[in-house]
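Dumping the structure here so I can ask a few things about it.
Letters are used for the chains, namely A, B, C, D and E, taken in the order the chains are written, and counting of residues starts over at 1 for each.
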Amino acid sequence: MNSISEIAKKLLDENRVSAVVGYSIGSLPNKTKTVIVKSSQQAEKLIFNNLCVNNLAIYLTKSFRLTTQKPVAVVMKGCDVKSVTGLIQEKQIEREQVFIIGVKCNGVSEDGKNLSPKCYSCKLQTPKMYDILVGEEEEKNIEFKNPFSDVEEFEKKSLDERWNFWMNELEKCVKCYACRQVCPLCYCEKCIVDKTVPRWIEPHTSKSSNLSWHITRAFHLAGRCTGCGECERACHHNIPLSLLNKKMAKVVYDNFNYQAGLDDKAKSPLADFKFQDKEDFIR
Amino acid sequence: MSRIGVFVCYCGENIGRTVNCSEVTQRAAKLRDVVYSVDYKYMCSDPGQQIIKDAIKKYNLNGIVVASCSPLMHEKTFRHAVVEAGLNPFLCELANIREHCSWVHDDKRNATDKALDLIRMMVEKVKKNLPLDTIKIPVTRRALVIGGGVAGIQAALDIADGGKEVVMVEKSPSIGGHMAQLSETFPTLDCSQCILTPKMVDVNSHKNIKLYTYSEIENVKGYIGNFEITIRKKTRYVDDSICNGCGICIEKCPQKKINSEFNTNLGTRKAIYVPFPQAVPNIPVIDKENCTYFKNGKCKVCEKFCDRNAIKFEQTDEFIKENVGAIVVATGFDLYSIEKERSDNYQGYGEYGYGKDPDIINSLQFERLLSASGPTLGEVTRPSDGKIPETVVFIQCVGSRDKSKGIEFCSKICCMYTAKHTMLYKHKVHNGKAFVFYMDIRAAGKNYDEFVRRAIEEDEAIYLRGRVSRIYREKDKLIVKGADTLIGKQVEIAADLVVLATAMLPQKDTVPFAQKLGIGYDKYHFLSEAHPKLKPIETNTAGIFLAGACQAPKDIPEAVAQASAAASKVLGLCSNDQLEREPYVAYVNESSCIGCEFCLQSCTYSAIENKSIVNSKGELVKKVAYVNKGVCQGCGTCVSICRSKSIDLAGYTDEQIYSEINSMFV
Amino acid sequence: MEEKILTSQFEPKIASFVCTWCTYTGADLAGTSRLKYEPNVRIIRLPCTGRIDYNLIIKAFENGADGILVSGCHPNDCHYSSGNFYARRRFIVFRELLQFIGIDVRRVQFAWVSAAEGAKWAKLVNKFTSEIKDLGQFTNYQKIKRDIFLEEAVI
Amino acid sequence: MKNFKIKNDYKNFVKGLLSLNYLVIAPKYENGILKFSKIKNAAEILSPSEYINTVSSTKEYFFPQTEPVIKFTFEGKEIFLKDVEIGKKPKVVLGLRPCDAASFSILDDIFQYEYKDEFYFTRREKTIIIGAACESNDESCFCTTTGLAPDSSQGADLFIEKNNEEEYFLRAVTEKGERLVEQLIAEVEELEEEPKKNPLYEKIEKQIRKKIDLIEAKKWLDNNFENEKWEELSSQCLSCGSCAYLCPTCHCFDIVDEVNYNSGVRRKNWDACQFDLFTLHSSGHNPRDTKAKRYRQRVMHKFKYYADRFDKTLCTGCGRCIRACPVNIDIYEVVKEFAPLVEQN
Amino acid sequence: MINIYKPYLTRIQEIKIETPDTKTFKLRFDDSEVAEKFNFRAGQFGEYSIFGEGESTFCIASSPTRKGYIECSFKIVGKVTNALKKLDVGDVVGFRGPYGNSFPLEEMYDKNLIFIGGGIGLAPLRSLIWNCLDLREKFKDITILYGARSVSFLVYKDELDEWEKRADIKYYKTVDPGGETKEWNGKIGFVPKILDEICPKPENSVAITCGPPIMIKGVLKSLEKLNFKPEQVITTLENRMKCGFGKCGRCNIGKTYVCIDGPVFNAAELNQLPMDY
């Protein structure tokens, strides 16, 4: 019945992949658990439903980085594939190293009730890139919302309001760096905050060093973040990290007409320039 | 901890007038890790330098801060002094308390405080300075010249005469370039081939020049002093080591009616041909597209008649590797093609009818009509019916200086050659009338304006200031409609022939070529010099120089002058076994580099490459960035782009800058 | 010193990051031309504006800068041909980020000053200094930083 | 120990508390999350029925995320050390669930083992802990496994419960607690007899995840340092450290220096065993170089090592790590992998 | 309030460059009262710090019998050691300690002692060796075997010469094959192999070893072959530490904290530890 598990079984039986990364039933009612299936006996665990919020592209980087020649199969929604595109673009993986089990998606939910904010305005209910596609059900129309509406709303606030807002939010940060750890594009082996010579970002928590970290995070993801929202989901203090990420995406889109995760051949906007880039702010 | 010495200079009164140097010296002595601090009237003087040298020894200093003038002024002086005392020169920094402090401030209190701040910042920086060694790069003392036009020829000859070997690569079957196509040259009207041919022969016979014609650059690897070039020698189907250029094959070839590129399609050639009689090398090429054998599988007449068996139908492209230390790029120009339909960014000149009417030609075609070796043997006739044209209209700035067509620059040479054309035409067709539509006459150059005046005054060329709006045929005549803006009237001329002075553009495919070399180009694809004023010959890739019209429109003397300049640069480079460079280059922390290649993408100089890290079993662990020290110029763009700060710039490391910032406001 | 700050006019602290080929040389020219300008700027010399990362600016703010002046070669004049273009792009994005967070971007000024523009440099410094004087001390940032060393949470 | 009835309502009691010279810390919604924060007026207080538990634990008030241990200044070539003053103002932490209150009786052991960490204990001594019994639970709670219950008062100085008439009363657990109540005599009155237990607590206890036999769990751990399970259990872990940062009993830290130009501070900052840099030697060697080893350390530390040394489990079943884990690694399920449930009557 | 994190201020009195990457500092306490009262036992360690850079853990390399100062030897590998390397005589170093257990000196009385050291691992042994030499009459035979990967990586060269000359010590030195120089008059070969050659008798003996992990492994094997009982073999471990007193939670090997239960372990205890940490 469950075609993902059948596909996984087949891939593993035929020895085509070293593992299948996917979702299984979680231990809590509104959560799914991510699993790395390595044998076909375990493949039946794999499921897909509207609680599969996680972006499994993370399992292609960091400690999961592939050392074997054999590819790994990953269950991916259309939005997750953008991260893979980014990783290919940034030479972290090669297309052949990942077998994408694309799933058609009608939106996912973090709490079992409400649609995840990242799902509004989704244009990728069917993944753009995949090796096999599952999910026969028809695409339901997801309500369209201007993805930048909250950014635009926020920009209307005064300078002081914005500052106070962020100071209140960032004060909560305990620097666990979970936002970094779950981000598929934060794949550095040694993050700038872990570098001690010199230490650009102090490791303690205070408004200023938290600000410094969050500026760094947002800036390093500018033009790269695909908006999967994992950072915000992982933040147990509910810091609105997506707001920063979206702002960066908007700036990059407005100024350089670039959207992350769509073209694996494109140059990243901050490693690039155009002669006619705007300079009205320069004296 | 570090043992820093601070040396405060009064610079006579220059610093001392506004900065209280003795106070600065005393306060500097109390800074962390400063073990010695002293002031002196002129630190750059011999006794001043001696103070530094003595202090280094006496106090065992391992960092020096000289508070004096701009480092651009005396950094070298003090670093040299420091070396004499046995310290690494890069452990000496200058705090600029003159140009940036005493000279620009009036208030003594403020200036003194600021001077101390500047010193403190430098003390903190120098503590993090690392001893550096100048970078030495071995030099292969040979050069590559790309392009066999007059610029390439001149550069090659100058380098070869200077005693260094030259490899010359020309993509067409013969060297000579556009100059070989010209009839006479301005402003002296001497015969182009007469002055060029001897140089071409020289190139061929010079013991230091290795000539590859009908060849192209396949690949360029390496960096200044150490380029490895792969040359694609295209298939001639004629063995150039056997052929003696007797020409019997050409005589016997049955395929006759092929447009001659050299004659700008105004004449014909065979399927086996040399482009022009004086070609160097005088070795024919088979034009595969038009050869009967290649088309039908039968013929081989040339092979039958060649008594040296030089025809080789089975020949294939050959790849040759050459190592050189420097490269001169002299790929020249191409004329802006004026057909209406275009694939590039420019607009065509459909309204002028070029390509539709055979009597509307471009200036290079007119050169061939004028040339004694041209298709008409020097007789000026109309391509349509061979009639001698009695009225010729020359239109200048076709393409050039025309924003609407996408080209804003002035092609520079058109004013001069159009004047020349009117003269040469008049000399050949005495009753002919030459009209010139022009925008401005730009004739700056030795004897140039005199030349134009001569065309107008002696050879009666009629200059009309204005643009032509339309050209159309009425029976035998071409009606040229235009404006004479000086009298403010529309004019209409019934012409027999129209010559368009079209814009100059770089050779087609310059972009992939420039990318192969890793050099810059502008929006018209002209190759970019490293600095428009101070480095007009260099490119931003060290060891690659520019000559001739590949950089911008140029006339012959300019191209030749630049070629000689490039040659002198090459000779300068090749006069040493080794190159020395300041060690301000980027370096990679391989343990934290993750190989995202952002640095590689953003490096202007292509100095960053991929490097594979393998484990003891030989398995690939990861790919990291690798900086080629010979190529890196030390701008540090990569450092900013690296998110994990896995790349740093020697001399301006993150730690040094961090220390400066940290001590800036205390 | 502290008393002076209280009684006299506010003197802003301005950090400046400049490239060595154009602006640093331009500032030298201002000196050789004996042009006078405000003494509030502390220059850090870098090879190119391309070397100026955002974290230098954050660090300068953390260290108490009231304003930051970044300057390098005009477009197409970059000694390294394109470092300033990368910098320009970086600052387009970074300024927007600062603004979004609620930092007045008038405190971060980007400028092109060539080696010949000593006068421009002097004028720029004066104008920027007076602008920062008008904006006042960057207390927002200095407050959050001060927490660390002085006002330790006593709880 | 005595029991006291809260005379008026809970908010009035808090008002009384605020009138004393204490810093009152209690659960409060701040910037969208429920967190232990300073209470300025009684209106802000949530009664024990109004929340399950906070996002983060209360350990930060005893063992802050970042804490200066010594300050230093540079004057010329000299260095001067300056002590850090803490615990100037006494605190009351109010409304801790049994799982949080119990954490202190666990942490006390390690912070005084051989060397007494006065930074922790100064705060401990200057703080009165008022626990509150749970009136609801969620799917993550598993305190019964660690020997606690919705109404266990372990670790608290005072404990708030409901009697079976749905009235709040205070149970004095320590003398320190009792002394505080004595100052609040206007708000409370002493109860003569032991109040009747509210059946709610038993009901909740039954709703909570079934109790796992930790003795069996430890036995398994004793023998299974090497086991393939570790790899399997940790394979999807992202090393984000959320579990450790939210855990009321995790207490690992790093010591880091920070400097300005002329002064600096040495700090204790929270750290987490799931980070790969945690045990990395500067030589590059890392004894816990894989996630399996790090996860094993986490589980072993909680259910074996701590028990070996202090005979206590380094876990109170608060469920925070389960709620926070972005990939749903559930420590309860993990322990259940190798230990049976306790038979219940 | 007693602040267990507060270091003593010490000042560098002497610096010795041992090898290309190792230095020894002789530190004197700033506070004379501390200097007088300070006591430690061989095998204990401390947290050495540069203010502003951080702390680093090394053993105390000097003998407790030499009062008034302590010595430490460190290899330059990380941030702190790189900063330490730059210090001069007179500079301030922070010191917290002594921490950890120590060598069971009293249990070694009247026994034959065999010291087996490798590279910088000689540092903790050196503390004990001098301790024993200063109380020479309490011990029977003393044998020292010391090796390094090459001649330039031998530490405490002056003292090695002294030990070589002393009649009351059997001293063997070795370098790894390929690490010798022309003048080298010691043995060539890995330490465990040389140990096999020396063939010390296990009767009434204690072997104390410290060095790189691979060497310790080999030495333990050799000693086992030579019939040393695990209780007769003592070694000292190192692991990454921050606090030094069992709080920060990173140096444990299984349930054992290297900082408080160690760093000195005998082979019997070592066998109880999970081998790969």
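Quick note on the criterion: contacts are C-beta pairs under 8 Å (C-beta built on N, C-alpha and C of every residue); 3 or more make two chains touch, one makes a residue touch a chain.
Treat the numbers as computed from the prediction; the structure is a model and nothing was measured.
Fewest steps needed to get from chain A to chain D, stepping only to touching chains, is 1. C-beta contact counts were set side by side for B-C and B-E; B-C has more. Chain centres computed from CA atoms place E at the largest separation from chain C. Relative to the C-alpha centre of chain B, the farthest chain centre belongs to D.
Look at where the CA atoms of chain B average out and do the same for chain E: the two points lie 64 Å apart. In whole angstrom, the spacing between the mean C-alpha positions of chain D and chain E is 40. The geometric centre of chain A is 35 Å away from that of chain C, both derived from CA atoms. Work out the mean CA point of chain C and of chain E, and you get 52 Å between them. Touching of two or more other chains is recorded for residues 192, 197, 200, 202, 204, 206, 270-272, 275 of chain A. Of all residues in chain D, those touching 2 or more other chains are 74, 84, 254, 256, 258-260, listed in ascending order.
Chain contacts: chain C has residues 59, 63, 76, 82, 86, 90, 148 touching two or more partner chains. Considering their complex, residues 1-7, 9, 49-55, 77-79, 81, 92, 239-240, 242-243, 245-250, 252-255, 260, 274, 276-277 of chain E touch chain D. Listed in rising order, the residues of chain C touching chain A in the complex are 54-55, 58-59, 62, 75-76, 82, 85-86, 88-105, 109-112, 124, 140-141, 144-145, 147-148. Across the interface of their complex, chain A is touched by residues 30-33, 35, 55-56, 65-66, 139-140, 235-236, 238-242, 244-246, 254, 256, 258, 267, 269-270, 272, 276-277, 290-291, 322-324, 326-330, 332-333 of chain D.
Residue ranges of chain D in contact with chain E, taken from their complex: 69-70, 72, 74, 78-79, 81, 83-84, 110-111, 113-119, 122, 225-226, 251-259, 264, 266, 268, 271, 273, 278-283, 287-288, 293, 297, 300-301, 304-305, 308-309.
Those residues of chain D whose C-beta lies close enough to touch chain B in the complex are 74, 76-77, 259-262, 284.
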